[in-house]
Amino acid sequence: MTAAVESVRTLTLREVGPAERGTRPDEVVIALSPAFGEPFTKTIVDVPHAEVIRQLLAGIEERGGSARIIKVYRTADLAAIAHFGAKLSGSGIAVGVLSRGTTVLHQRDLARLSNLELFPQAPLLDAEVFRMIGANAAQYAQGQSPRPVPTRNDQMARPRWQAKAALLHLKEFECIDHARAAVEVEPVITRVD
Amino acid sequence: MTAVAPRSESAVHTSKRTAILEDRPVNLDGFVEEWPEKGLVAMESDYDPQPSVRVEDGRIVELDGRTRDAFDFMDTYIADHAIDVETCEAAVATPSVEIARMLVDPRTSRDEIVALGRGLTPAKILDVVKLMNVVEIMMGIQKTRSRRTPANQAHSTSAKDNPIQVAADAAEAAVRGFAELETTLGVLRYAPLVAIGLQVGGQTGRGGVLTQCALEEATELDLGMRGITAYAETISIYGTESVFVDGDDTPWSKAFLASAYASRGIKMRFTSGTGSEVQMGNAEGRSMLYLEIRCILMAKGAGVQGLQNGSISCIGVPGAVPGGIRAVAAENLVASWMDLECASGNDQSFSHSPMRRTSRLLPQMLPGTDFVCSGYSGVPNKDNMFAGSNLDTEDYDDWNVIQRDMQVDGGLRHVREDVILQVRNKAARAMQAVFAELDLPAITDEEVEAATYADSSDDYPDRDVLADLEGAKSVMDRGITGLDLVKVLERTGFGDVAENYLQVLRQRVSGDLLQTAAIFTGDFVPLAAINDANDYAGPGTGYRLSGERWEELKKLRHVTSAENPEEEVV
Amino acid sequence: MTSDVSELTPADYPLSINRPDLLRTPTGKALGDITMAGVVSGEVTNEDLRVTPDTLVMQGQIAESVGRRQLGENCRRAAEMTAIPDEEVLAMYNALRPNASTAAQLEEIASRLEGTYSASTCAALVREAAQVYAARTLLAEEDS
Amino acid sequence: MALVIGVDIGNSTTEACLAEVAQGAVHRLASSLTPTTGVKGTPANTAGAVTAVRRALDAAGRPSDALATVLLNEATPVISGLAMETITETIITESTMIGHNPDTPGGEGLGVGTTVALGEVGDVEAGVPVVVVVGAGADFDDVAEALNRAVDRGVDVVAAVMHGDDAVLVVNRLRRRVPVVDEVAAVDRVPLGMLAAVEVAPPGRTIRTLSDSYGLASTFDLDAEQTRQVSPVARALSGNRSAVVVRTPAGDVTDRRIPVGTLTLSGSGRSLDVGVDGGAEAIMEAIGRVAPLDDVHGEAGTHVGGMLATVRDTMTDVTGQPASEIRIRDVLAVDTLVPAAVRGGLAGEVSRENAVALAAMVRTSRSRMQAVAGAISAELGCETVIGGVEGEVAVRGALTTPGSAVPIAIIDMGGGSTDAALLDRDGSVSAVHVAGAGELVTKLIDSELGLEDREAAESVKRHPLAKVESFFHVRHEDGTVQFFTTPLPPHVFARVVTVTPEGLAAVPVRSSLEEVRRVRREAKRRVFVVNALRALAQVAPQGSLRLLGSVVLLGGSALDFEIPAMVADALAPHGVVCGIGNVHGTEGPRNAVAAGLVDAHAGTAAGPAPERLQRQVAS
């Protein structure tokens, strides 16, 4: 079900105000890292950020959930980003995403370093996986117990991706802005034909 | 999946030759540009500190440009525990180029250069090794390696955590020559049965092989204290304070743990490696090698006998930057020079390219280290639960040929098929007897047969995992120890295996395996950097591959007989 | 029983081969008593397969005789630790992790090491850690 | 004064009771428990028996050379075999319907039109009602746009069928909402150009039109004969939230019984054939008619035949007795449902098919306990005596339960078989073994919940359930709520879990707690309660449970959290007092046989010594 993306879409994150605590009991917060969308535009394996957001939102929508997106500037630590999002989430469920693609499903009552589902190998995450992550997030938010998204593994990911992942991680750290509070954003996805 | 997909095609039309080159496995590896400001650089960085040291009232008050009030805990630990206060000022004042030459020059003895090293600071050590090219680094390893006789270590694991497979592959690895065997688990609860498999199999293959099971601290120590395993290795340390704290440890907690192992008579080494700090995003702007040198000095200061280094699980990071593999060789040199046992990496999947895998190996294999691989996968890589090694069972014959080509001892040997089948079968039968005697889920004759001829976990009948896990729990609940296993083996007709195992346990009493780089010979003589200290002093000295051992390594699977060219040497 | 042994040298190593006369198990057996016959008859027990503090001190001397000062110190700390039960060793290790203990808790461990187990070298290591942790803000919050 | 030890070799555990015996007085010192090695009643038992003896000696701190006598039970080998056969199947021909239940269909209502591929929708004339068929790889935004464009052009798009899990997404983007069924894996096999109906019910409801024969008739304009033919379609779709029906010339859906072989039952000088596809009730009824059973054969070349042959072969291997001499003495048949993929389905449709589970039990007359006794004597260097049949000795042990009195009956519920015995006022003992026990319960739970995970099924069987409602509280199956101060582990979040001594373990199902609980209790009832009644009826005077008096439950399953209560409830209407054994007031339901052996040896237990009473019901 690779959503055969022939047309390219671009993503703009339009700031709508400070990130605040939500009230909808079934909402999922998608918490993005400092470099997500801007300056970076795609994951470590070139999945466009527009597609990451579109598929996460589609997964949530397909399961009848609602979503808000926030962008975090003060940390580039995935666990911290996701846990921060979970605390703002009306349901307590958040999806944390780094610009290189690494993703985690978090819940506000969990310890920061714990998680509901973790997808540590960014090179193995494609559009289909992001859709399933979104669907599971919505189900957790509704108090259901979805089957965990099947995890993939590849021994040879280390030689190919380990250093690029470190580099992207460092770049993400560069975009940390301690003075800037997290904001709620609205995704504007434009199709470029 | 994505890792094996070809690179995206460029729009430009390419030549046939380019197409062939594009398809070469080396182009599936990842390479990145350096970024020294952030520590994404192997060993040559303008952002590393300059060497300096100052002593006041018998205490180091300045280290590599920082005064004591600005020390982080790594500086403090190294200044107070690793560096000799009496000699450091003079040592650091010695020109780096002179020290580098002493490392290479055969006329400077190991004792002399090791003694000088005791007074050096991390930045000074870096300053010295930066002057050395990779051949000089190999010269240095050849001389400073602590044990005279090189050795090797194997991984024996199973994708299904099948204890019979682990036993059979451990037996084969032992008979092929590995001095140490390491295992770990997919399902942690399987640990007791797999650790028993490793020990029973190992002692069947060759008496005196030392075994280890990588787990979280409490269980690993427990299995060690029961005598089911013989040593420990996966005690990680890091080169910056922030990463050390992220790992939930400090130099003091790790030093305490080192003493805890020794107090139970268990051999232990730390683990560190280049790239881990930058991988975690907290390199504090230092080069990978500078941070690794801090780890090496921290280990030395803790009084642990040895260190596993050579990037280890972060090898993809130094492997992707210029000069990275030179830096990896340099970290092995520094560990050896600091008088620690060095288990020198080559233990993780490193490259898609067979040629590159080999070249990464030579700086350790050619000069010889205490353990050239830490470890070599004694199972097919798909069964390797340490996420794959640089070498696996498919490479056994290549390794043996390289040893013979270069007349270098990499710790292994070619073993005839009948001998391998015999030890694999015996290991599986010994496990069958042990399981039966301990009321563990039965091992069938079919499984023994499979273990004798198998390659991977796919070749074994599936075990009843639930029953096995209950059995594993009962091993812990009943307090079964190594001594119980010795009794069972003796009672069930595996007297020689029992005797080998008892010899290993007996060494606890002597503490002989706590000395630097200690291993066991086949005759249960402890061989350490004391009674087998490296005495390399140039051509014609030190360990030489000759005599009986060289005759052994001349043997390969297929060698045409000179006497009768129509036949092969057996 | 072996405390009056003169300084050991590298020539004494391996003790299991060159100086078995110096070695005893925690129950006082000689190394030569650890035989298969002894195991089968039940005379050799798990308690016999442990290292004694005296032996650790001797191995420490050998290490120091070849210039390995820190390894010698580690052997001395280990000799002190032989008396501490397994669970308590692990508990102390966990207490030394960053942000795990208050200054008072670490001092309590140090006093216990010194008082109950006569482990002064270990106690010194814990006190030193407490000092560094205070300076680097790695102590646990005071109130809990 | 002599040190003796009673050893009871059971199907799954070997128990020992160590005691000092002097002039008829018994002073018990220790008991022990270890897994049985090998098949009960065979020389492989020696290892386990020796282990049990050594452990009891260790526990009492006695050396092994002080032991005077080992007392062994006469353990009759009992082997049980299990098989499960599906006896019905649903078949769809010519893809007339898609009856699966995607989690999230889109839209609501009924749409009837001609099937057309998404790519062709641009060519459809305005005004024609169409059902759009969307293949794999289509993006939801693109699909919605194409459908909106068609509608703008005047095409009457009434419904859609899709490959991907996109129905809600597409419907949310339509200007005119229509029902959409998604996750149809073989969407490319949906015939095009045919009349089709798509129905989606609101959340929480089920479809009304396509699941009703007359609804189908009016939708497709069928006559009376045609309506009769499509009734299986309607039946197959009932209970679904969404469905698609395509009218094709020869399409059909059938529900047929699969012949899986017959059982030939012989007993009471008669022989009866019964088809396994007749279901459990027919099988058990036939068994009742020929009781007591002498032997059972399965039809050669069928699964049932294969299963019974395996049981016989195993017994031949362990006893050395030829297969022709081995008799199957009991069979328990249980009806169950197993989820199975529908043949001919287009969306991986699953239907719950009927199945029969069988447990069979074999006994031999030829025990090899003498060989076990010899091996134990050699190993321990002391006398070994075989004493008493286990049913009888167990009754003696049970009688030491405080408050019990003759007449007394026992039920020992183990892993492979359920045993019953009765000690009558005249001192006579009757005993019986029947097939089916804990293993069968595990298998039923595993297949009915579709777990395919024996570890999880075992856990469901053994432990009560709870639902994790937040990281800080769970609701137990009895409705009580338990709070935690530290967060629960993430892998149990929002799940149905078993409450085990090691903590909470997630049950890998999507069913509700109530459903899991119902399956668990039904499985136990159909095996343990049925067997308890069946076995007791065989030992009861004149086969009447009313004449039993009291029943003591023994064995591992007597420690289960609900089985004793379920059995007691079933016995209560017969006026039977039923309770959990407490051997010697200290051992609980364990150790009855081992303790009974010692008592019999000392000659102190109630009633005469076992040698004098030998009335075996089922031998």
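The chains carry the letters A, B, C and D, assigned in the order they are written, with residues numbered from 1 in each.
To be clear about the criterion, contacts are C-beta pairs under 8 Å (C-beta built on N, C-alpha and C of every residue); 3 or more make two chains touch, one makes a residue touch a chain.
A quick note: this is a predicted structure, and the numbers were derived from the prediction, not measured.
Relative to the centroid of all protein Cα atoms, the closest per-chain Cα centroid is that of B. The interface with the greater number of C-beta contacts, when B-D is set against A-D, is A-D. Measuring from the averaged C-alpha position of chain C to that of chain D gives a distance of 55 Å.
In terms of their C-alpha centroids, the spacing between chain A and chain C amounts to 49 Å.
With centres defined as mean CA coordinates, chain D is found 43 Å away from chain A. Annotation for chain B: no residues touch 2 or more other chains. Those residues of chain C in touch with two or more other chains do not exist in this structure.
Pairs of chains in mutual contact: A-B, A-D, B-C, B-D. Across the interface of their complex, chain D is touched by residues 1-5, 7, 58, 61-64, 107, 109-111, 114-116, 131, 135, 140, 143-145, 147 of chain A.
Chain B makes touch with chain A in their complex at residues 1-4, 8, 28-32, 35, 38, 40, 275, 278-279, 281, 314-317, 319-321, 348-352, 381, 384, 387-388. Note for the complex: chain D touches chain A at residues 103-104, 136-140, 142, 163-169, 172, 469-472, 487, 489-490, 493-496, 508, 510.
Per the touch definition, chain B reaches chain D in the complex via residues 436-437, 439, 464-466, 469. Interface residues of chain A, counted against chain B in their complex, comprise 45-46, 76, 123-124, 126, 152, 154-167, 169-170, 173-174.
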